[in-house]
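Both complexes shown next keep chain A, but they swap its partner, so chain B is in the first and chain C is in the second.
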Partner chain A sequence: MKKKPILRAMQVNKNFGPTRALVDVDFLLYRGEVHGLIGENGSGKSTFSSIIAGVQSADSGSFELNGEPYLPRNMVDAQNRGVGMIVQEQGTIGSIDVASNIFTGRLEEFSKFGFVNMKQITARAQQILNDIGAGDIDASAPTMSLNFEDRKIVEMARVMVADPDILIVDETTTALAMKGRKILFDLIKRFRASDKAVIFISHDLGELMNVCDRVTVLRDGRVIDTLSGSDITEDSMRRLMVGREFEDHYFRSDFVCSYDEEVVLDAQHITYGSFTNLSLQLHKGEILGICGLSDCGMHELGKVLFGIEKSLTGRVVLPQDGTQVKNPHIAVKKGMGYLSKDRDRESIILNASILDNVELPSMRLLSNAVGYISAKSERRLAQEQIDVLKIKCRGPKQRLTELSGGNKQKVVFSKWLGCDSDILILDCATRGIDVGVKAAIYRLLEQIKKKGKSVILISEELPEMIGMSDRMLVMKDGKITAEFRRSEDLSEEDIIRYMI
Partner chain B sequence: MPSKMKNLLMRALKTLVFPACVCLFFAIATRGKLFTSRSVLVILRQSVLPAVVIMAMMPNLTLGMMDFSIGAVVIASAIIGGNLMNMTGTGIPGLLVFSVLSAIILTSFTGFLNNKLRVPILVIALGLMLVYEALPKLLFPGNDGGAIIKVKYAMLAQQPYIFIVFAVSFAVFYILVNKTTYGHNIRALGGNDELARRAGLNVDKIKQICFTTSGFFAGIAGALYMASNGQVNSPTAFSSMTTVMDAFLGLFLGIFLSRFCNVAIGLVIAVVTMTTMSNGLVTMGLDATYRDIVKSVVLFFLLAFSGNQPYIVRMRANRKRGAAADREYQKQISA
Partner chain C sequence: MPVQAKSVDIGEVLTQKSRRKDLFSAVLPFCGLLLTVLVLSIATKGLLLSPMNLVNIINQCFNTAIVGVGAAFVFAHGGMDFSVGASCGVAQLACIAVVTQLRLPLWVGFLAAVMVGVACSMVVGMGSHALHLQPFIVSLCVRSACTGILVVGCNALGKNIRVPLDVFGIFNNNIVKTIVLVALVAFSWYLFEKTSLGKEEKAIGGNRVTAVQSGILLGRNVFLSSLILGICVGIAACFQMSRSGTVSASSGNGLEFNIMIALALGGFPMAGGSAARIRSMIIGVLTITFLTNGLTLVGLDSEYVSLVKGLLFVVIVAVSYDRSNLKQVNFV
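Moving on to the complex of A and B:
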């Protein structure tokens, strides 16, 4: 049977000042298809999908939806015409209840003479939540009482209100744990089965292989290729995204567990959040991996080790001089760096420039005896980091709000590299980062290790853990359930047994 | 007891605990003088004007905009309403209608400038405060920018009329905030304007409606202000701010109470509490300077307590958990 196109993009262009975000993009989406959209950070994926969803408009080019010209005025117009989008950032309003969030902008449908029927709205919202398999979320609950994942699920429910023909999922899965992923993938299956279509944006190549029928690769705003069927392999996607063959090794090439005996960070019987009386040691030149399911306590552990959260018992000490890490100020002063999982809220100042963000922990290195910081040294530091991490930007003065998700993550990384930290605590450091930059970061970690610096790598990605760590601590329900040393024979299955 | 009922009772208790403490304190301190039927009526009557001013300020505040020009609007609408009533001989209905219309025009103009100039509301409000303070002088130079009304019209500020005006205002405010798309939209917009915009809300239109609604309540406050004073002179050099100071104090307390009850009800309870405190201090013989200091200090403490409450609760829980973890660790070591 011949496939019917549902959406067609022709010669779409979009510029942001001198930056060409999209260049003559042609795109075809069929009914019953899950179409992956991949590319490096800043390659134009989010720009393209946001144009389809009516968030912004193209500078030139045209779209056809079901054979009709399509030019949405805004997101609601796009929704009314059958295009819904789940965005990368948090898209719910905390100060109103769940039902009002689901029907924001559509309250008039439940109003008579301006009087809104909240009972009807709540009942309808609950029905939608039940329908997508999220019946445990109470539609009348205040949205701020929900956790991040449930708020993402509320967004999914909001998209489903308009019963769209095309669902755009923009790098949403990284924010979801098991429950949210199940709901999302069930929705995707339902779209495919009912002859609708999904545009799926993700950096997780394995996930793309499992979910997508076809995958279009974007690089520097241009369509490089569209893969289908057996052509969709991790290697082919990586190669097309980056535009070159990868070296033999993606992670560390050695399988030797190598580090000094000297302990550089010692945490003894610390308690916070979901973990109690937990102890660990980090050695000089070691990459210590900490892995587990998202709610196992590893993210809280990272915060306690850096002094952001105070341990209720025991202490975190730097044995070299006996300093107790009581707060981030002491941690930074003693050469520690921390990269948070919640990038936008905890790791960067969105309204500030790259320069302002990068220099933040380096002030003491940049300033002279009287506290003066020269503009030249500031600029040099920021430019160095931009070059090292290949941050796509107009220059050090560009604001972070204007950068893509992956480039923001690079800025966070560069913040701590810039001040030459001796101990780095990286919580999901490569989350939302494309394979090219991931590879660069892994090389960087190797160099850091070679210099005798130490890294605590907290991650939910097991290949990354196995590929980079000297030692691995597996956590489950706030406890360390296993410890593995670097080995060629170590497999994901070995670790998963202790995680679940 | 069903959990819903228990929850409701707990919330009611939390809402009333501070007002009850204030009442109890002044009942003892004034030996019951403050709570004679006459004194209670005075407190309630005096609470009406700040309560209506708060209703005028609340919609904009929900959007994160503090409109400091509202005091000047109240006075300007009082003077305009009073003068136009005298000119047309329309009596109290005229006073209400002209005050409300003039206030709506002024606040709508504030909203228009806010939308078009994209300048922070603080800057616009401070600028317009001076303009609105001067406006009566330009409109009614013969009266030196002031207004005097006959004594018989002062009955609007007496019971039962003042309570009827309040009841109508409160009903309109309650319905607007809780039962209309307008109320829901301003809460959504106040929560995250960019998301609300993306969800298809017409942000500029909602903001404009907010200012217009604010004018409706400011106009009613203006009419009450005119009726209760009999003579109103045009203010100068930001002095209109003093008109809304009592409302400000009530507003902060009301926002605190709205954590436990509906915002409209919380605001009314807050204003009555602040007026009780004010009158209690008068009955105790404190002069105006000390009264203001005491009111401000009480409010600071209250806000500090409410702001830090989650931290205090967490600290207590942490201390308990830490002690338990320590005991467990000692056991492990000895084992």
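Moving on to the complex of A and C:
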């Protein structure tokens, strides 16, 4: 069978300020193909796909769609020409209903004399939702009432409205649990079967291996190689992405469950949101994994443990001196640190420099009796962290808006390492981060553990859970349904049974 | 490898470009000030920079500068106070009432002015913080209440209350004024740029959620910034009434608006955050003072001066407002 190209990119270049995001990128997409796009954070894959989807334009180079020149003016133009994208970030509006979200920007098609026929829109939206296998989402429900995953599914439905020939999926799976993934993969299969095409961006190499016909690897804005068929293996992809061989262990190398008897954090009968009467203990030198589906209550649990949200019953205590963690101020003062799942909105100040961000929890330590902080000491702190964590930047004064996702994540870690936190609560610490930075974070966690510090690792990624934690708590519907100790024989299936 | 060499060069060029852009936005307010001074000097045939007028300028920018540096702390954390003009008026009323009606010593009057200033800014700051209201709305309420108090108070004490200048002489001394101005600006600069107080205020302005999750206490910072602003308003009140010689229903009028324009002209970010600088505030205050003074010298009626200021405000905000915060569209 001779394959027909649907999209061709030639010599595409794009710069962001001082960063060369894309350098002479050539790319060919055939009909009936699922084409993976991988690379470390900042390698240019999101930039490339967003240019195809009309979100931004290239500095130079050209595109051909079905043999005709293709230069989308904006996202709607791209959609009209058959290119739809599901993006990485949350892209639904919470304050309006699901159907209006699905038909955003298309409401005129349903309006007469300025009146919008909501009944018709809701019916059409429900039809689309049913069609992609998400019939359980009510099209007339307010979007705010949906969880993160269902909102992502609403975005998929929105893309399907225009019936695109090319579907671009940008790191969507990181936000999805089992249900959403099934819907997405069914959708992808349907595209392939109907001789359309999919560009699939993901950090999950296993997933890429299963879905993709070909995989193009980007590094520093350049196309490194395109793999196809049996050449697509996790090893080959990892090697090409990073540009060097990986050490043989990616997660922790030992399989020993090890920690001190001393309890450093004690949550007693706490209740908040979807969980009630929940108790857990964290030990010195322990990595405690908490896993479950995204709406099982584990994210709220992390917030309650750090004092951001107030527990309705019981309390969170630090046994050393009996301090009760009532708010983040006390938590930070007592050596705790928290990394939010929603990094850009909750864990960093985007519009401030690396230095400003790193010193946030450390000001108390840097300042003297009258609050004076010397420029030298804060600069030293930031530079130290940049060196230790190998943050790619021009210097401590560079703004976070100019950094890639992985480097921003490193800045969050440096915040808490800089003030020498003893207890770290990490909510999805490696979400949407490439293998290189991921590996660096895993090494870091090992070091933290070795120093006798403790970590609570909240994650939806089971390999990471099994690979890193000493003890694992599995949550379902706000309850702890199982506890596992670190062992070599533990498999994902063992855990999933208690999750769903 | 030629490809490598080329890419390094381009990276360097682009780095310089972005540095130049940063420098440009830092220098722009300076240029605005210089341009204002230059144009108005020519228009007034040098009268603007005559020694006598310069003393005038210092006197005129005095109040805006003092309240401005205080307001910087509030604006830095994303707050705002639109009531400073009215509360400055009430502070003057309190001061004059204490001194002329209760016949208490001047320092008690001064204290009364400061207390009124602090009380008003506290209601705005802590009120909006505790009740989760927009500080702008609360400050409008306080402004309205203060205007009322001022009118009623002035009517009770006889419309235009004369300030006994023999008692208030110290507040009319140019040397005292200069010392107070320099000391306040220097102290504010130190607090704002060099201590955890200023840095925490800016962090809250940059991202409130992140600041709280990093252990920064919101209430404490709102409290301290309101306290600083209130004290500044009180101090400014005493100097202003001594200069004008009377306290009336229009005392303090327009101060809040001058501060807003000064913010915009100086390049002080309206929403606060890490780019906030005391320096920007000072440049802004100087520009707006030169502008007001110069336009009056040229012979423009005060109504037209207001019009020009209003137009300028819109233009400056439209051109310079940092929209990067809006780009992170808040869908939730």
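Annotations for the structure displayed:
By our rule, the second predicted complex is superposed on the first by the 450 of 500 C-alpha atoms of A that agree within 3 Å, B and C clash if a C-alpha of one lies under 4 Å from a C-alpha of the other, contacts with A are read in each partner's own complex, and residues count from 1 in each chain.
To be clear about the criterion, a contact is a pair of C-beta atoms (placed from the backbone, for glycine too) under 8 Å apart; a residue touches a chain by one contact, two chains touch by 3 or more.
Because the structure is predicted, anything quoted here is derived from the model rather than measured.
When the two structures are aligned on the shared chain, A:37 is found in touch with neither chain B nor chain C.
In the overlay built on the shared chain, the residue A:157 is in contact with neither chain B nor chain C.
Using the contact criterion defined above for the overlaid structures, shared-chain residue A:352 touches chain C, although it does not reach chain B. Using the contact criterion defined above for the overlaid structures, shared-chain residue A:20 touches chain C, although it does not reach chain B. When the two structures are aligned on the shared chain, A:91 is found in touch with chain B and with chain C. In the overlay built on the shared chain, the residue A:211 is in contact with neither chain B nor chain C.
Applying the stated contact rule after C-alpha superposition, one finds that A:495 touches neither chain B nor chain C. Judged by the number of chain A residues each one touches, C leads among chain B and chain C. In the superposed model, A:363 lies in contact with chain C only, and not with chain B.
Shared interface residues of chain A (contacting chain B in one complex, chain C in the other): 91-94.
Those residues of chain B lying in contact with chain A across their complex are 175, 179-185, 187-188, 190-192, 195-196, 198-201, 318-319, 321-322, 325-326, 328-329, 332.
Those residues of chain C that touch chain A in the complex are listed here as 7, 10-11, 14-15, 17-18, 191, 194-197, 199-200, 202-203, 206-207, 209-217, 273-275, 322, 324-325, 328, 331-332. Those residues of chain A lying in contact with chain C across their complex are 15, 17-20, 23, 90-94, 144, 306, 308, 328-329, 331-333, 338, 340, 344-353, 356, 359-361, 363-364, 366-367, 370-373, 394, 401-402, 415. Residues 55, 74-77, 79, 91-96, 100-101, 104-108, 111, 114-116, 118, 269, 271, 276-277, 312-314 of chain A are the ones touching chain B in the complex.
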